[in-house]
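So that you can tell them apart, the chains are marked A, B, C and D in the order they are listed, and the count of residues begins at 1 in each.
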């Protein structure tokens, strides 16, 4: 039995409005409904909301943390990874996820979106703060996950070289 | 429902003898029997053997890879992490695991054992190639996992600072 | 005698037009004229042009490389650092530089600009490909370095937190 | 004019006895006398003593720091690199140096020695705490640097593979 579904990254700010959190939660639910594995930064805000949504539907969640302690992951993370590399862990999130969905976001999210595009990963965005050429902007969580899966099916799989 | 069990690292060479592989496989089985999550480097040799053992008993496996592509994880890894950081990923394995079990090993394993001790993690070894003060040498896979769990219970939990 | 001048990062694409290279070269010269240390990614394009300019006026150059081999630095780099961490080395450039100047640029540069702003470093841009709120756009290399030094003097020194 | 001499790493504990510090200082002097660039971890103990020695004879010093702030380098470091990656920065020291000299040392030093041997770099040791096959133990700072340079000349240059 193969456990591994598509690895879908969800990126966004560590604190966010209730409206953005609700979108992130729905993104997490849709990922789980499609048997995807949620990959995120493991902290609060968008990361916690998306992981909460994924767990509500029985999905698996991976949290790639900036700090040294797996105990600092939010409570919805099944598999915390303690990088102790601060923002350099963003590069690991972007490499590990096969496609990324940004929800809202700040400078950190912009940095991840740009890095994902740089290495050839597809990026879908809900309510982006910044406009980046190459990012697919969608209006709803359902469309975000549908579009992310379509990007994967279209062969925009992980780049193998930097 | 809390998925997270103790995170137990298994470290060892990327290629190994059948005898060492059999020990690693039994270590993986014992980890799964104790509801632990296996954390390893995701490649071959000891890493693949331990992950195979863990999957035989339904355990979860995390593989923290040196390269850029989750597809390069061995077939027994449920959750591959693509660090693209070569040997620097060893530091992430050592941080993420709450306790470590070395099986056989080479210079890379010695490097991980030393780093684990440096940051206060317990290290248990089966058939070590190198003798390092502070490492608990045990004769069997069962004793390795029992000793690792005992080290955790004794409060030698993850160090929070380097 | 204190060797250390201000550490000024120059970021931009690994290949670029002659026009962008000329701008980068002039930025490097201005940094050296102001006794700054040039910090860059150590490869070609904007990085090599800026380092060439700095060396023409006797400045020091640091190249933080994505690969494993210091021999891959461009010929104008005095102090190559071999991270072997691919794009994660961008985070090290942004941490090490006290202020950053982007020249032209692509997704990789955008990623660095966003990360710099995220951790509180000032960013000045010449001929940016992308518009990012918070980045100071300037028309000439002289103004780029003058503005970068002014940002430093104004106390926008390196963020200390992780 | 080519600035770049051989890049020689000096590794050892962040605090040490006066006797070990004196050895490290002499190692730094010998490196500078041979026009080498000293690469170290940038902090105290052996790192500061070796950098002090190198500066006494006008050598250049690079400090690859575990933290986020170049201001935390010891006062003898010309070129501090802020990795903000804790012990994972050890892998960068080992990659950047073409050959390594360990002075005294603890678990962190052992980790670096093992990693260096793993990737094919020569390692020379003065007063090692741990015995590692493959490390050349020498009695004096002069012999340490002579042996390190001989290892380089013998073609044990930086490994290129990841």
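Everything that follows uses one rule, which is that contacts are C-beta pairs under 8 Å (C-beta built on N, C-alpha and C of every residue); 3 or more make two chains touch, one makes a residue touch a chain.
Computed from a predicted model, the values in this text were never measured in an experiment.
By number of C-beta pairs in contact, C-D leads when C-D and A-D are compared.
The most distant chain from chain D, with centres taken as the mean of CA atoms, is A.
Note on chain placement: the centre of chain C and the centre of chain D lie 27 Å apart, centres being C-alpha means.
Each chain gets one centre point, the mean of its Cα atoms, and the points for chain A and chain D are 40 Å apart.
Taken residue by residue, chain A touches two or more other chains at 68, 84-88, 91-92, 119, 162, whereas all remaining positions touch fewer.
Remark: chain D residues 66, 85-88, 90-92, 106-108, 110-112, 114-115, 117-119, 130, 132-134, 162 touch chain B in the complex.
For chain C in complex with chain D, the touching residues are 3-4, 7, 37, 60, 62, 64, 68-71, 78-85, 91-92, 95-96, 98, 119, 158-162.
Only residues 68, 84-88 of chain B touch chain C when the two sit together in their complex.
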